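Going in written order, the chains are labelled A, B and C, and every chain counts its residues from 1.
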Amino acid sequence: MAKRSIVPFGPQHPVLPEPVHLDLVLEDETVVGAVPSIGYIHRGLEKLVEKRDFKQYVYIAERVCGICSCGHGLGYCESVEQVMGIEVPDRAKFLRVIWMEMSRVHSHLLWLGLLADAMGFESLFMESWRLREKILDMFDETTGGRIIHSVNCVGGVQKDMDSTMLNGILEAVKDLEKEMRPVADTFLEDYTVQSRLKGVGVLSRERAIELGAVGPMLRASGEEYDARLLGYAAYPNLTVEPVTSKDGDSYARCEVRIKELFQSFDLIREAIGKIPEGDISVPVKGNPSGEFFMRIEQPRGEAVYYVKGSGKKFLERFRLRTPTTSNIPPMVETLKGCQLADVPLLILTIDPCVSCTER
Amino acid sequence: MEIEHMSKRKVLTFAGRALKNLFQKPATTSYPFEPAVYPERMRGHVEIHMEDCICCGLCMRSCPSQAIRVDRRAGTWTIRRFDCVQCSSCVNVCPKKCLTMEAGYTRPDTRKTDETFIKPAQPEEARAEAASVKAEEAEQKQQEKQKDCIPERI
Amino acid sequence: MAYQSEIKETAMADFFPAVVKMKTDQWRLVQICAVSVEGGYEMSYSFCKDYEMVTLRLNVAEEEEIASITQIYPCAFLQENEAAQLFGVKIVNIRPDYRDRLYRIDETAPFKTKE
């Protein structure tokens, strides 16, 4: 006779970088149900759009979250540009892609580190974060900030990269790729890692779509959806192939992210090879009037930016639906039937970003 | 036994790398004993050349965190360093380009304090002369600063 | 533009059948957005299939009740609770209903009035 009990999990837990609380219903050691609860870090940043003018708000959008910062700035700017009908110069589009892909690399390396930490593989965790530092240094050099870059602006980008910087990035990517190989092999082939990840938290393709999973979570279940193929910024000029896996378990999600890392290296190289000369921004006149739903592919998955303006300096509404908001229901689904010991790992495999979710 | 017939299942895959790291130089710098190296574009803190400031207030209006206050009549420019988010929005809008983003972070403190810069008030006739002196001083200061910076940059 | 989202104005009576049709055609729920407009709210429900995106637009009066779509799309619960708490939209039968306790804030419907 199984005994039912409820175990509170979080908001403070060693594997959680950010606060999320779950009430786990257990039958002996098996989880049969989970009720997520968030709300510890709601800051009402969407509301602030009514008080700051639309050009200023990009700085606030970037500060919604530290890790997704580059993407939030890009998504906000792209959606305002769509509303206002601004065509961004080509060079700016390529620069946006380079920074965006660099931010994907740093986000995925951060996640790999956290995953290794959740499994108790400390040396792998340290190695992932040591490699991440190379990308952060490149950010520091090219944008002036390690985490918050403040390079996107409505109408283009604020800073240009000269050839020394571009070459510096190429060098860093080359080093990283070389040093990433043994780390990737460890994640994908090691016995310990596999025994923690294989077959844990399986999500079928149908359920993933039904529950609205996005990003690596969706692609790990076999659905080929990558919002980069929608063709924003300079992505139409580059080769983007959605990375998928079919198993839908934690291992597949790890595999997808690792392959995306190498894909990002290729994309950075391709973008640097193709970057045209020219202006980096166009002057912006007038105020936005209209509405637009913009989708971009953040490292954690597809994010939706909604902008509504009425011809005034201040926007009517800005909505940001972050990947984690969409990934929490699938996460709850994968928790059902798992062992209590696997719960931290499964929460981590969606790459939760609670600051983004609550804004 | 299980390991053998499972393809791509290895043990001790990370041992080589871990051993190598053991005998390598640390990846970190020993910061307080070695100076921190800041890149040129670093957004550390905002600096103002009060001599050029015309107190137009554009920076105040463009600041997303409302950290800057400009008093036109008194000729003062005030910043709350701990409210500033280093976005360099003010630097971008400044019409006189008297604001700059410098390397180095604001030092920690126990209280949030304001930092006020006062525009040097001069009588009309002395202004031209004073301006040239100020410029010289500023240049000197700049040079000294650069001198100070050089060892750090390297 | 390739990534344009089609916005379809929907009457209250047609809304539920439209959502059910989306579900049977295997569309993925992308987002739910509430905007307060004069005298009520504008609710947008976006769905995605492959790379196509369709948004159902529902105009709701201030005191009008709308039924939750969590019976059809269970994953809508977070965003519906958010709209209900922040904007005060009267969404009934959300499963699970957090009853304005999704975000731990003191104010009721802080996003409702425009500043």
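Quick notes on this one:
Heads up, the rule we're going with is that a residue touches a chain if its C-beta (ideal position, glycine included) is under 8 Å from a C-beta of that chain, and two chains touch if they have at least 3 such contacts.
For each chain, UniProt lists the protein as follows: A = Nickel-dependent hydrogenase large subunit; C = NADH-quinone oxidoreductase subunit C.
Treat the numbers as computed from the prediction; the structure is a model and nothing was measured.
Here the chain at the heart of the shown protein, by mean C-alpha position, is A.
Ranked by distance of CA centroids from subunit A, the top chain is B. Mean C-alpha positions place subunit B and subunit C at a centre distance of 43 Å. Centre-to-centre separation between subunit A and subunit B, using Cα means, comes to 28 Å.
Rounded to whole angstrom, the centroid-to-centroid distance between subunit A and subunit C, based on C-alpha atoms, equals 24 Å. Those residues of subunit A lying in contact with subunit B across their complex are 52, 56-57, 59-60, 62-63, 121, 123-124, 126-127, 130, 133, 140-145, 148, 150, 158-159, 182-183, 185-186, 188-192, 194. Subunit A meets subunit C in the complex at residues 35-40, 42, 44, 46-47, 50-51, 82, 209-212, 225, 229-232, 291-295, 302, 304, 306, 308, 316-317, 319, 321, 325-326, 328-330, 358. Every residue of subunit C that touches subunit A in the complex is listed here, in rising order: 1-3, 5, 7, 26, 28-31, 33, 35, 44, 46, 48, 50-51, 53, 55, 73-75, 77-79, 96, 98, 101-105, 110-111, 114-115. Subunit B meets subunit A in the complex at residues 3, 8-11, 13-14, 16-18, 21, 27, 39-43, 62, 64, 85-89, 92, 101.
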